[in-house]
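Since the structure comes first, as structure tokens, the remarks are kept for the end.
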Amino acid sequence: MNKQGLKIAVIGGGSSYTPELVEGLIKGYNDMPISELWLVDIEEGKHKLDIVGNLAKRMVRKAGIPMEVHLTLNRREAIKGADFVSTQMRVGLLDARKLDEHIPIRHGVVGQETTGPGGMFKALRTIPVILDICRDIEELAPNAWMLNFTNPAGMVTEAVTKYSKVKTVGLCNSPINFKKFLAEVYEVDESRVLPEFVGINHLHWVTSALVDGEEKLPEILAGEREYSAKNVPTVGWDNEFLRSLGAVPTYYLKYYYMMNEMYAEMKESLEKNGTRADVVSRVEKELFELYKDEALEEKPKQLEQRGGAYYSEAAVKLMRSLYKGSNDIQTLNVPNGGVFDFLPEDASIEINCIVTGEGPVPIMPTHVPEHVKGLLHAVKSYESTAIDAAVTGDRGLALQAMAHHPLVPSVTVGKAILDEMLEAHKKHLPQFFNN
Amino acid sequence: MNKQGLKIAVIGGGSSYTPELVEGLIKGYNDMPISELWLVDIEEGKHKLDIVGNLAKRMVRKAGIPMEVHLTLNRREAIKGADFVSTQMRVGLLDARKLDEHIPIRHGVVGQETTGPGGMFKALRTIPVILDICRDIEELAPNAWMLNFTNPAGMVTEAVTKYSKVKTVGLCNSPINFKKFLAEVYEVDESRVLPEFVGINHLHWVTSALVDGEEKLPEILAGEREYSAKNVPTVGWDNEFLRSLGAVPTYYLKYYYMMNEMYAEMKESLEKNGTRADVVSRVEKELFELYKDEALEEKPKQLEQRGGAYYSEAAVKLMRSLYKGSNDIQTLNVPNGGVFDFLPEDASIEINCIVTGEGPVPIMPTHVPEHVKGLLHAVKSYESTAIDAAVTGDRGLALQAMAHHPLVPSVTVGKAILDEMLEAHKKHLPQFFNN
Amino acid sequence: MNKQGLKIAVIGGGSSYTPELVEGLIKGYNDMPISELWLVDIEEGKHKLDIVGNLAKRMVRKAGIPMEVHLTLNRREAIKGADFVSTQMRVGLLDARKLDEHIPIRHGVVGQETTGPGGMFKALRTIPVILDICRDIEELAPNAWMLNFTNPAGMVTEAVTKYSKVKTVGLCNSPINFKKFLAEVYEVDESRVLPEFVGINHLHWVTSALVDGEEKLPEILAGEREYSAKNVPTVGWDNEFLRSLGAVPTYYLKYYYMMNEMYAEMKESLEKNGTRADVVSRVEKELFELYKDEALEEKPKQLEQRGGAYYSEAAVKLMRSLYKGSNDIQTLNVPNGGVFDFLPEDASIEINCIVTGEGPVPIMPTHVPEHVKGLLHAVKSYESTAIDAAVTGDRGLALQAMAHHPLVPSVTVGKAILDEMLEAHKKHLPQFFNN
Amino acid sequence: MNKQGLKIAVIGGGSSYTPELVEGLIKGYNDMPISELWLVDIEEGKHKLDIVGNLAKRMVRKAGIPMEVHLTLNRREAIKGADFVSTQMRVGLLDARKLDEHIPIRHGVVGQETTGPGGMFKALRTIPVILDICRDIEELAPNAWMLNFTNPAGMVTEAVTKYSKVKTVGLCNSPINFKKFLAEVYEVDESRVLPEFVGINHLHWVTSALVDGEEKLPEILAGEREYSAKNVPTVGWDNEFLRSLGAVPTYYLKYYYMMNEMYAEMKESLEKNGTRADVVSRVEKELFELYKDEALEEKPKQLEQRGGAYYSEAAVKLMRSLYKGSNDIQTLNVPNGGVFDFLPEDASIEINCIVTGEGPVPIMPTHVPEHVKGLLHAVKSYESTAIDAAVTGDRGLALQAMAHHPLVPSVTVGKAILDEMLEAHKKHLPQFFNN
């Protein structure tokens, strides 16, 4: 790495999240001096890039640090010689997300951005674009680390690992949120808690929760403590189920363990307020209005409602540890290696790691509940098949991925969804229509 | 083994299937001389045992072979010194099966004897009884082979392997049926075909179909041949799906791949004709009427409608190969060992084996489709958890098994079914109500 | 395959073994009609090729079958469209073998053609040549099976599997010899015995010996039977050791388990009679004198002294089973897959297989003694490293292979042997001297 | 744990090492308050226990901390309610060690305390005694951690894991020494270096050496730095070998990679000075003379010559991290789990771990050289077999262990050593002579 001053390229730099990342980089400047921050976006995003980029410049100026902020549509220029490339993009923008959410629901299936048929189509659209970026990184910044926030983060990261030489780590804010919850409940500093995450992105189980070395999980599962904490991860679950499970499932597991209820809720909500895409669309509009204000020189409070809390913190922590070789523990999406002996070696998993200067190194999980292995494997089988479909444009593989997704109730339904979604997203899926 | 003459004990000897087995033993007598055949049943089955047992005696007498047929309610006497013990039983009889089929359907879930909540409860009732029999075998016939036909055959066999020292093999007629289908379509002798089965009992995929060493699977999947064969295993499937799957799924996989359709069909059929249990009940009544006829000295044609074609052939073939050390290929339920590296070593799998005099030895599968591994693992995770629940009577484990069954759409539904079925089968589930 | 008539290419067709193979092909003609037999050799072997090829023609003529025998130095012509390609070659001829045997002995290490530094150098010389042949097969006969007899057969076969697309099987006569021994001792037909082989080429253990389904191994290990059989595989071993080992080691394991004694014997023998290469050299000379005799129309008895008994039988059996899809059991060198979970998936192992029309399929071993796993793994580590050295010409890899060979007592000794042998074989090791 | 004040029992408390441990406990008192330190020994060690125990009392008194020091021959009393039990013992004392070193050398084999036949016999004598202690711990202090320093530490730890329920960790000072070397060479604090250890006790390879996140291993292997450090771990190795190995082997690997040279050196040294046991015997005598001095109130400088530098530091660090749940990285002997997929799950390995309050958790290794796997597995096979021999007293298993040890050149030699050593150590090996 450029020990004098790092170069960071942010693909999808016009995102409404960018001020959060910039804030993090400013706060961490002393530990990790960044001399160049490149915000890149595509033509359609130029307007947003200008707004958010100018806010970033004002924030840096106010902080009084020598970090150059560059705004560009030239991806290759941004990537060239970078130490870190972060990606946060949405191929097809919110319109595509809307389709991902609406179409499955019409067929009686969960419609969601990162799981189910919606997540699958986000992957089909995104993976070819990401791999195209990887070609640039391989050529122009072969030693760079790619930090991937783009959802479905696990699948995208796995695709990069399998189909490129780029060094990559996938990131999600869910683990850091649980850690903060744990610290808050037990009123200790985050450094004194160690939750154990077992699984893959958006499908993990917390199987241990140490506070000063003591196991607090049974207490948490039993709901024996009064929580002042926000975002309590056990709310909404059947407590008897949690106790015999012996783990806290991530929120996203509700799509599996409470499929009926989640579907009903989604359907009702869609009828009332539209889907999550519609909500986000409104929030973003408001945010960009705020960002335009030339007097604004810091991240506005309202950004927190956008969701994605602590994404920036997670990203900055990771970059710093890679830069300094901190050997601290972070929860990341990395290749399985031999961690889970029932999953392929190149599968992306979400797991506690030591972050050395050479990259994240998994810590072996201490508890892997026997009864969740099958579900974990089932989702991973779907993911791996979908990734191959994304890369090859093979319709048969796409059908297999869809038919084997645990949320899809039959081949017939899966096929109907597949047909409709392929057609709806045609513009962004050239690999399926090129011959 | 007693090379002079074998002793066979048939637990559940009063079953309507018994004449088929007796026919097989008579036909195979030259290769495998049986001197004693013990038909055992419980008090409630005495009436049926007498009827079917007397038919068996008439059959043997007519054949003119020196095979003693014993009818008894004394299980230990029957087991003592046996070379083979076969089990074919239904704890709770057809009434219990009716509950297994009806209750889940009421909750919107497939109601079936061997899979879903119905199969789970059949396992919960059966496993303790089978393990009790194993205690007798360990003591009275430690070298005997137990041939297990009792459904769910995979789970029952796995329970015996895990919780006893009895040497056991699980048997299903589904593989032998496919083999016969293949031979019929290609108009060759069975000895010239070699289908490959990958999976577990009632959840396997045929991943190769060699005829005289040539791979015929693509042809079969494409439906390119006119079949005169009965029971064509590709009928009712989406052909595009089969082709991209690259395998013929067993009929039972329709409960997974076509869950919606199968549920709808079951529900409708239940309203019209009652469930399968009701049908079987009627057929059995008729069969026993026939069996009573003192003039009857052979297996009546009508038995074939009962289902379970070739069960007897499968059983006799297995016994003979174990007896003679034939080293021929049969498809059996055996412990996984390292065959599938993503399943536990002690999991029961259904796989092609060489049958030596020391037992079946798995042949490595040549094709294991990546995209089915997850589903296979998911069902196995459920099975292993359910087996442990059956042995321990732990309600939490039962809930975990139910909640992780791929056909159960949510924890809430699973719990409701669990509660209702535990109560309904209370009499046959002492392990759950003893403390 | 060409079901009308097969084409076979024999690389190294001028070998003194060829008449044995020809005899086998003639005997098996009814089951497997061969229309073309191509014997290929290199320029230096032309003289021998002519002699042995003419004998082959006389043998075929006498048999009165329509099999064309072609003699050629044009390898590509021979390979083109072949159904089977067999390889039996010695790069550097017997002179090179002499060096393989002499040099290590001078350094205090076993000097042998297939194991130790000698075997390693045979592999280093042979693998590039074999891979060159593979290039031709990939282009000119992509569906052909390559039957590899060339020693060290396990390493050569592994190299082909790893570095080419050619379908290959490695063959050794050691398993078939044990099978014949077993049948002879128990006075039954070979079809009634089933020994189990666990390990890799020239490093296997017989861990079970079934005769009509009964385990005879304890009896054999205890030496409880009087053998009239020749080549008794337990002779020369410490019986107490064999009993606690619970397996019959292959003869080649004496180089490991009785290293001191074998070394001493070799050294003494070398001083008296020269090495095995010297003996073979004399025998071959005599054989070719016999072959020249125009009156000779069959394989001469004296060929049996040459060693390699039943090689031809093994080869013909394998070809026939691949051709017909016999699904019979043969012991072959194939990729490990998941058979031994402690060895790499692409490692070549020697194991009982079912031979289908699509190739050999391993049968899972039933007994793998814990205490031999390490030795097996140690030799395999050496082999894999040596194969990579052969392909890359990387001297560092060659040093690692040598240093990790269990028969090499120290890095210093290994390095001295490496230096001397690289120099001595320089002509045949261009990959190590090209830059 | 007793958060108010811990109880520690030191089995073999009369060891000359004890003052070092006591010093460590005193220094770490603030972080980890120990209220009771029990030094236990056997009758034959009472004299030493008194001397060293009184020194310990003087040291504690001088430190002015409220730690009670108890001296006892009553092991059960010492263990009762302990939080930590450490073991450092030598069954048969130095006389037995002398035999372990002398006998193999007479047979031409390395004679060493922890590897080869000597290490094996130390294990055979020690394991039953350790398991006896475990019985006490299971009963009297079921939650205690056993810290095992007793050599061969890997084997003893594995035996405890396999044959008891005691929570145990094995400890060696070799990793901490390498870490200190690395910090010294690069002139940084130990907290900034992270060497990676791959292997088992006394048989590991350092496969990465990060300093502030940068990989320094190539530099170290190439000998490119001038070291002021003592105990340079690359001295005495062939540099070409190290470079192609890509790892720094532990000193103990010289017994394997440089067997000839090490044997020669040992033999010569034995003739001149006796073995290591003789040297240690003299050093210990001198140490106890010093310890007797009532004026001595601290660990004397001379103890450092005894060897075993930093043992105490390693022990105290481990106890503190278990006590506080520090989640820091330490190199420990723990069960393999799935870390090395080619070794049994219950094999003891030496690996970097996170030390949580629930115990050490392995970090996955990032580099495992393919070519060393076999040697590692070979030694582990020997170890596991020897452990089973120690527990069962099965002479056949002992012979298998001996015959499969890579340093034993033949079964004949192994058997001769086995016979002689069994006889020589008869008194301490009742399990082999009881029937």
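Each chain gets a letter, A, B, C and D, in the order it is written, and its residues are counted from 1.
The criterion applied here is as follows: contacts are C-beta pairs under 8 Å (C-beta built on N, C-alpha and C of every residue); 3 or more make two chains touch, one makes a residue touch a chain.
It should be emphasised that the depicted structure is a prediction, and the values quoted were computed from it without experimental measurement.
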Starting at chain A, fewest touch steps before arriving at chain C: 2
Shared chain contacts [chain C and chain D, defined touch]: none
Furthest chain, CA centroid comparison against chain B: D
Mean-CA-position distance for chain D and chain B (Å): 54
Computed distance of Cα centres, chain C from chain B, in Å: 45
Residues of chain A engaged with two or more neighbouring chains: 341
Category of the chain touch graph - line, ring, star, complete, other: ring
Chain-chain contacts as defined at top: A-B, A-D, B-C, C-D
Residues of chain D touching chain A in the complex: 192, 194, 208, 210-215, 322-327, 329, 337-339, 341, 354, 356-358, 361-364, 366
Chain C - residues contacting chain D, complex: 238, 240-241, 243-245, 257-261, 341-344, 370-375, 377-382, 384-385, 395-397, 399-401, 403-404, 406, 409-413, 415
